[in-house]
């Protein structure tokens, strides 16, 4: 593996009265594709810039491969950055943009040609070498920025929301390309984004951030299936949250008494004692919706409700179901003719919702 | 931020302007408080004589006249420049219309004044025409009076008013006028109540870049003005070169500078307030950013 | 650019267009008159037939005029050069960095532009007298550089404002030193602003009358000063011819230069 470990410990950074980062620590393993995910203003870009060396933290250390690089300027850290605005030099051709770092070091011409063509090939832009940035599309500019950042052979590549300026379809394609470049080059990628779909699809691990703090670090599956808090559960994908008190524990399960809904069976994944206040999250796609009640199964939670709003989006319909107790539940249903065919559910229909206890996740409790 | 580098880059200019701009001004300020040396120059003695001399009635008359001429010229200029700026902003070929306004100003400053001498003078075009048509036998005196001065000043300063006005009007959202019409305003009402308030920044810039240089005018009154159009700028020049009463020249200059400073402060106050409106632009960049237009207080 | 609203389908000419047309006629008329009179075969105002006689006098018999012209060119180029150097450098300094006297630099650059020239000219005259510097080409050069600096500074600063600051960070990230960043990145990108500033400075310098009037010495007559002495007492036909030549020459020179600059700046 050619990448580096990156360690960040106790980093705090304020801009005036605004605390952008509050005592952030994390460890990124060499060769990982690691994402910093969070809403605008959560501090993810600031953290990236601290790692890169463009911002000096108020406290804390940045370490690369065990060495403290906190005092080093950006070009001495073996990191390179792909900027959100691409930051291509408008007066230089694509070739010269990518060659720029080499020209600075007076690398001989022949070697420059070789390396530049190699890196342009990596991003499939050899044909555009003589164009100026103003003649390129967004996706092309981004690829030039990547090639330029890689030509110095850094051990860590930092990407600051590189896809945010591209349209949806292009973003999908570029994401796949980024992933393949990561595989080919093998170095550590630290990727900043506010788009959880992006983070989920390409990352090895994700750090979810909000208001200057890291809320959870884990693989995409861990983050999605076992969100550590209410915020994470809501930020990643869509979810339903039920609040209640732990009523009993039995076997590997617990019952949470939720107002108006009765008892909800959850998989006991924590040590919340009886009587503790907890939030239970259930993802919409895990809930089955039908006109008739399901057969009795031990681990099943069942609720009755009325269809309030079906929202059709081609491959699925999202239902907002109103419960007699006054709350609402979101359910996703994909359209495929499983053996029982596709039930036709419309507005004001009475339906039964059911899901497995194993799909109920406790995300926040005062026992944590 | 590396503190050294920025200051090193800016140091040469700062030094130059301090020595050749700030220091001379400081000297003028100092001289205004000194005693006059009868053979020209100053004596190193503090004195308020120069300021007391300002109470001279002739000087007062000249000051009022300068104010009157400046105001008249400014008002005419702005009144004409407004529809021009509007016309250019609304046209489909802005570049061409701007070009036409700017081209005459690529000719030499003096030549433009001279052109009016050639037209209005006793041997000039108009008199020539009048004689040829048999309407007069002697020449009519068009030059060397206040009217000529105001006319030529308006001629010289139109672009300084047109450009910032154009720039601001261009950034104005004309849908607002349509909305006003839709709500029942007449054309005039819409212009008065919607357009004018929203181009305040450009108006202020235009007024300042017209009034201030005109107030300090020297060359135009010198060449096309007569005894009744002698302005403050001429007084200062004469006090320096002919009468050699440098303290008096300095005190008058101080007065003019103070007025200029006051106007600039008003400008800064109104334009920074108007900068909070995202769509408004004071147009100051346009005054000199059009390369080739001579700017500044030359008059 | 602001919305223009619906296209106006009006018959006839709107009031503002009429005023505009009248203004253009007003602006051009005197120059056209000069142009016509430059071919007048007589000294006085009345038209006596077409002739090139004044052009002859212009090109053959006016040694002083050409001397003044030469002085003007020398001063214009040298003062524009100095002003461009000082102004561009300062613009880079104030746009990228903050330092203790930055507000001073910014306000110093603004004030000379709005102060009436009579005051600037007189203060420089007094200054030169005070330090004992004899009036001549040097003093004119100093004065011209001084009033040119603010315009260069403004134009280059404006260009620097449009600069994407992450480009500088990218350059540093990729290993550029301060000097390399300046020469390879900032300079080329700012070049249209610098060129524009230089051109403006040359124009202002060639134009200048009031300030030059006070700081020029006997041997350092510039073209405007020469014209002034020729016209103070009335019509001078040679000046008519000179005017025509200057107008045509300026248009022929500047128009392609500006087009070139616009195309250059578009990249």
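Each chain carries a letter (A, B and C) given by its place in the written order, and its residues are counted from 1.
Operating definition for what follows: a contact is a pair of C-beta atoms (placed from the backbone, for glycine too) under 8 Å apart; a residue touches a chain by one contact, two chains touch by 3 or more.
The model shown is predicted, which means the values in this text are computed figures rather than measured ones.
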| item | value |
| --- | --- |
| Most central chain, judged by mean C-alpha position against the global CA mean | C |
| Farthest chain relative to chain A (centres taken as mean CA coordinates) | B |
| Between chain C and chain A, distance of the C-alpha-averaged centres to the nearest whole Å | 56 |
| Inter-centroid spacing, chain B versus chain A (mean Cα positions, whole Å) | 60 |
| CA centroid of chain B to CA centroid of chain C, Å | 17 |
| Residue ranges of chain B touching chain C (in the complex, touch as defined) | 1-3, 5-14, 16-18, 20-25, 27-28, 31, 41, 80, 83-84, 86-88, 90-91, 97, 100-101, 103-104, 106-112, 114-119, 121-125, 127-128, 131-132, 155, 158, 162, 170-175, 177-178, 208-209, 212-213, 215-219, 223, 233, 236-237, 240-241, 246, 249-250, 253, 256-257, 260, 264, 279, 285, 288-289, 291-299 |
| Footprint of chain B on chain C - complex, ascending | 1-6, 8, 14-17, 19-20, 23-24, 26-31, 33-34, 37, 44-47, 85-87, 89-90, 92-94, 96-102, 104-105, 108-109, 111-120, 122-127, 129-130, 142-143, 145-147, 149, 151, 153-155, 158, 178, 196-197, 199-200, 203-204, 206-211, 214, 223-224, 227-228, 231-232, 234-235, 239-240, 242-243, 246-247, 250-251, 254, 258, 261 |
| Chain A contact footprint on chain C (complex, rising order) | 164, 166-167, 169-177, 180, 184-185, 188-189, 267 |
| Chain C-touching residues of chain A, taken from the complex the two chains share | 52, 54, 73-75, 79-81, 83-85, 87-91, 100-101, 103-105, 132, 134, 148-149, 152 |
